[in-house]
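What follows is a pair of complexes built around chain A, which joins chain B in one and chain C in the other.
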Partner chain A sequence: MASKLTQSNRAGWLFALPGFGLMVVFIILPFFFAISLSFTNQRLISPNPTEWVGLANYRQLLGMGMITLDAVTDESGQIVRDDTGAPTYPRLREYTRNNPDYPHLDGMKQWFSFGRGGEARTFVLARDLVFLTAVKNTVVFVLVVAPVQGGLALVLALLINQKLRGINIYRTIYFMPVVVSIVVVSLLWRFIYDGNNGLLNNILDFLSFGYFEPVNWLGNPKTAFGSIIGMSIWQAVGFHMVIWLSGLQTISPTLYEAAEIEGSSKWQTFRYVTWPGLRNTAILVLIVITMQAFGLFAQIDVMTNGGPLDSTQTIVFQAVERGYGKQDISGGSAISVLLFLIVLSISLFQRWLTRERT
Partner chain B sequence: MKFLKLSAGAMALTAGLSGHAWAQTALTMWYHGAGNEVESQIINQIVSDFNASQSDWSVTLESFPQGAYNDSVVAGALAGSLPDILDVDGPVMPNWAWSGYMQPLQIDESVIANFLPGPKGYWDGKLYSIGLWDAAVALVTRQSYLDELGLRTPTLDQPWNAEEFQAALDAAKNSGKFDYALDLGTAWTGEWYPYAFSPFLQSFGGDIVDRSTYLTAEGALNGEAAMTFGHWWQDLFANGYAPATQDGADRDTGFANGKYAFSWNGNWAALGALSTFDDTVFLPAPDLGNGPKIGAASWQFGVSASSEHPDGASAFIQFALQDKYLADFSNGIGLIPATAAAAAMTENYKDGGPMAMFFGLTEAQALVRPVTPGYVVEAKVFEKALADIANGANVEDTLDAAVDEINADIERNGGYGH
Partner chain C sequence: MANVVLKDLRKSYGNVDVIKGVDLTINDGEFCVFVGPSGCGKSTLLRMIAGLEDITGGSLAIGDKVVNEVQPKDRGVAMVFQSYAIFPHMTVRENVEFGLTIAKATKAEKEAKVAEAARILQMEHLLDRRPSQLSGGQRQRVAIGRAIVRKPEVFLFDEPLSNLDASLRMDMRMEIGKLHKDLRATMIYVTHDQVEAMTLADKIVVLRDGIVQQIGAPMDLYHHPANLFVAGFIGSPSMNFLDVEVKGRDGDALVVSNGALDPVGVPSTLEATTGTRLKLGIRPQYLRPSTDTQAGKLHGTVTLTERLGSETVVNLRLTDDSALIAALGEDAIFDRGRNVSLSFDPTRAHLFFAE
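On to the complex of A and B.
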């Protein structure tokens, strides 16, 4: 195999060179750059020399700590409770800021806390809360988008895989959002989600005969990320629909005819003829959606900038924000490397899950 | 054959042209105002006036859209292809100077002695950039609102104090006439936050960073004054005086539509407000305890470090500092001219002009944003902290986290040369 690639194939390599060269310069080289920069303190612009800092960037991103605190008691030993009856705890600030007894917690913030029976409570602290929030949001995004977008795309593909007059019009309509730039789509959805007189609020108001209270979809931490998930699914569903469609059309019609003669129901036909025939397509769609979902950036950049209250922070947005906005190329590189490791391990895991069992 | 003739003709033509230009040394200049026709016209006029006025230098201008300008300069610097003359946003200048993109101007101090303080860009004790104009922010409202609500009209000498400002907000809110008492412009994300809102913090006695050393934000951004500011800021939104998340359209037209009683807005929007209501008044910033403050410094001109002809570049900048050009920019796009003499030549800023208030404001209240290369990062951290607090985040934790991030950044940069 190696000999076939290298020998008497000069023309082939020559033809591949332009594309291959561009890939090396713009994808492969930056990839290795990012790995090595993530171990330095490289800045976007700075007169200071670049220094090797080892794992400091990763420690900063992933550093975590834990502290268990007893509830506050008054002089008589009674636990001080707040208005809801829950015990109160000392301010974490006392421990995480300039406290010589807790140097390992310096500069950390509360991520979440849990009680372990009794009135003591354990607080989990993170050195970089925004990054961990971004990781959590991105994982939620992938977990919701991958199955919902993939499933919806399959339903659409089944619907338009029929010989009807004008079916191409529907195919075009479903595919249209994919062709439009994501930045344009995001801008339009910003108007749709507008809190005052956005299209969505108007429709809901009309449908509920005016009982619906207008929601500021992107301005409310509770609804912002859900809104972005919704529009993201809608935007790219057409692309995956086309992939499913191509998979559907490779299934031989004779199989369907045979199934019909055998008297199989619609569901049985789908379960035993269509679905097995879509196996490889399903793997492709799943992996592509997962990888695209991890790269969530443009929607955030245009619609929310990570806010409100970090509810829409994502990994790639943080990488850009730090590397470029805050001129910290090394920190941004470290985030990219972590993202690469996450996506790589998930892809390998998916490959293993969907492997051919013999 | 025809092609040959054409190219021969073209060659002759270029030879003729460059023969003329040989006498003058070519200088290049980048400007951020692409897309604004009036602005382009004025800057082009200055360039051609300069080229015609002397025979040593010939400036050619290249304009960029503002949104892409800073990126272009950073990219140009990394690629080693910066022009001789740059324009730079005032608070960003120390970052570029420290990074070695810019060199000090060769302009005598006496030339700019009459200039407002905001347009003068000093870093490390040297003048690196100089602006033809400044910008200012005021509390925009209508005289009829003040009368209806029974409020004293504050003046530069006697601005509202914290209680009076609070009473004004309460009166506007309780009147029930407005959606919100105050329009702060939270829709304008980005530099607007530190530019427009850090003066409130400074008026409370805090700051983004400790200006005595520029090496820490501890105590400045999370000290007692800053915490008071943080709670005040949060209460503005929690108690319904101002909207925490605002629609861009509301920012532009809300005051004109009567949604807001007071609008915290810049001189660039003043002409619009004046033409909407003839009783529009511009009130000075309130004194929240440590004196009334507004932001200063806008776009300024400087010379790139890689320029081989800094004398020529400085000559051009000095040429552009003439009062008539300051007045042109002011009349054309509403900016505040950098000298009193130029202000007297403008329609809006001359004594008794409709926007003369802004010139007084800049003179009396303006405070430049922290003069440090770290400002670029500090501004982003500050913006996020304010947005989070407005949306209900814990004030102490948020300001502490902001301090930690700013301090870590200063440390990573070896103190930014301070």
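On to the complex of A and C.
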């Protein structure tokens, strides 16, 4: 019914205002704020005036260098070796601290090194080791979680896409972790992973008849990040299962019947009927998992706080930690902008991947 | 090649009986059509033969081997679906050779068989296209091609032409008929369209509510329908049914009449006594109206004349207020409101007990 209210442009804007206003204040403004702050030295609370620093924040985050050093030799030209027989190298500090010959390496620390044949060794240096660790961890997280979680979700979806009595109970069980807050889930898993009396250690102890040595899953740099990966996969697998399920149900049942009459085995049916029919769903699932995985934060914040020994640092955790923990809001903003660029390029890649082919 | 024998075949979903004991023998090389209204169980019966539905009771034999518990792929059947069921992500060639791919046939074998199927169906030029680039008729051709390459003993068609438009349907109908003559395979065909049934079948099985009403050759069903349902289902326009009362017996014939029909003797074997109410069935094609109101035994008024070109359909209201349809030659002219009488050959009329 056409009344003055429904036709008035002003009324329309007024109705949109609450939602639109909130979006402007909490999404659009902060987005541009972050970009501009990342070029300054703004601190969260500071009496000093803000200064424009150009790309200094980015240089700090991404600054990397390389130096190749020859092994140390004694007077006779013999390589000096340590107790394990490995050659020794000059101290990196001599190059990275106030060395006028290597100004570009000033303030950097060793990230990793690799041999180059012979006894020379190349050292990769980084200005901000913690951030690069966070990037590396996040990428590892994405590369592990995307295929494993996606695959596991598909297996679950195939299992529950059957007409069985009580199948809804399984659907509910698998979906349950998704509706529980990630903070609560993280807290619970902290108990499961507990080093002394955790559920996981107890179960492993029971299954191995007491031979299993208890592990402090979250306290050990070797197992901490893996534990978080495992728990994260478990938590969101139900969500992607539902997406797969919706994809499965768009495949016409007669296609399966046709395949059955042609004598197709279960595996052949999956290969020739199910999987091709899930192509678009697969792309969607992978992109969504990737996006979510890049945003890894709550689990870290609740379970490990980035430790032990920075082994569970991630990009978003670093952004928050820096911006609010260390009150370096400009550094945190720069990290956010970098994350935005990473996610944007993945999103563009996805658009390219799923483009309409003519 | 194989015959198909159904013995007291039954199907129920829980307490609901869908197929209530079907006995049927389809000979080797025969074209058998299951026909009936929606929900009569004809598709279910076909799917039971295909192996897509479990058999609740009775036995099903293909080629003298009972196959109740045999997997669909081992029954030697191929099926063409109403929705075509061709795989959207494969080319026509990949679709046609799908069964061979599954059976891990060699490339040369696949190419030879696909080429042969394409030749039979005249779709060589379509082989590298995708299903989305095909018309409905072409898609159905692909589905039939996929069935042909497997050289099945029995072809099953589940309403294959229902999704096509009228003219295409006629073309494809003729092609399927031709295919049957070329391949000489046993074919079972499900349709709700009695024209398809009449034109294609060697043997028609009329089903209703999971029970076989009549089995026979098309013209057999047309001229000698076993009951009221078959009489009404086969033939277009449908047979006219008049409520009549038995007045007596005259040798082989029962003398019947009603308010619009003068007493007439219709040959019948029905055990009916005087006063019994029966249905008199007369096909519209066998009615001859005349403007002379005393020429025929049926009396009424023309209410509508439809000219279809090849024939003219005249709707009438009889003097006892029931409706009647007569189908006449192309040029018969009867104006609306005209009082007419209709004559008919009593040997071509049928008497049934009312249901």
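Here, the second predicted complex is superposed on the first by the 326 of 358 C-alpha atoms of A that agree within 3 Å, B and C clash if a C-alpha of one lies under 4 Å from a C-alpha of the other, contacts with A are read in each partner's own complex, and residues count from 1 in each chain.
Keep this in mind: contacts are C-beta pairs under 8 Å (C-beta built on N, C-alpha and C of every residue); 3 or more make two chains touch, one makes a residue touch a chain.
Note that the structure is a prediction, hence the values are computed from the model and not measured.
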Fit or clash between chain C and chain B when superposed on chain A: fit
Which superposed partner A:S264 touches (first chain B, second chain C, both, neither): second
Geometry of the superposed three-chain model: angle at chain A (Cα centres of chain B and chain C, steps of 10 degrees): 140
Touched partner set for A:L44, first chain B, second chain C, both or neither: first
Contacts of A:G151 with chain B and chain C, given as first, second, both or neither: neither
Of chain B and chain C, the chain that contacts the larger number of chain A residues: B
Which superposed partner A:Y272 touches (first chain B, second chain C, both, neither): second
First (chain B), second (chain C), both or neither touched by A:T254: second
Partner chain in contact with A:P221 - chain B first, chain C second, else both or neither: first
Closest Cα approach, chain C to chain B, once both complexes are overlaid on chain A (Å): 55
Overlap of chain C and chain B interfaces on chain A (superposed complexes): none
Chain A residues within the chain C interface of the complex: 252, 254-255, 257-265, 268, 272-273, 276-277, 279
Chain C residues touching chain A - in the complex, by the definition given at the top: 50-52, 71-74, 77-79, 81, 83, 85-90, 98-99, 101-103, 146, 150
Footprint of chain B on chain A - complex, ascending: 41, 43-48, 60, 91, 93, 97, 107, 109-110, 129, 194-196, 216, 218-221, 305, 307-310, 321, 325-328
Chain B residues within the chain A interface of the complex: 74, 77-78, 95-96, 98-101, 189, 244-245, 247, 250, 376-377, 380-381, 384, 387-388, 391-393, 396-397, 400-401, 404, 408-409, 412-414, 417
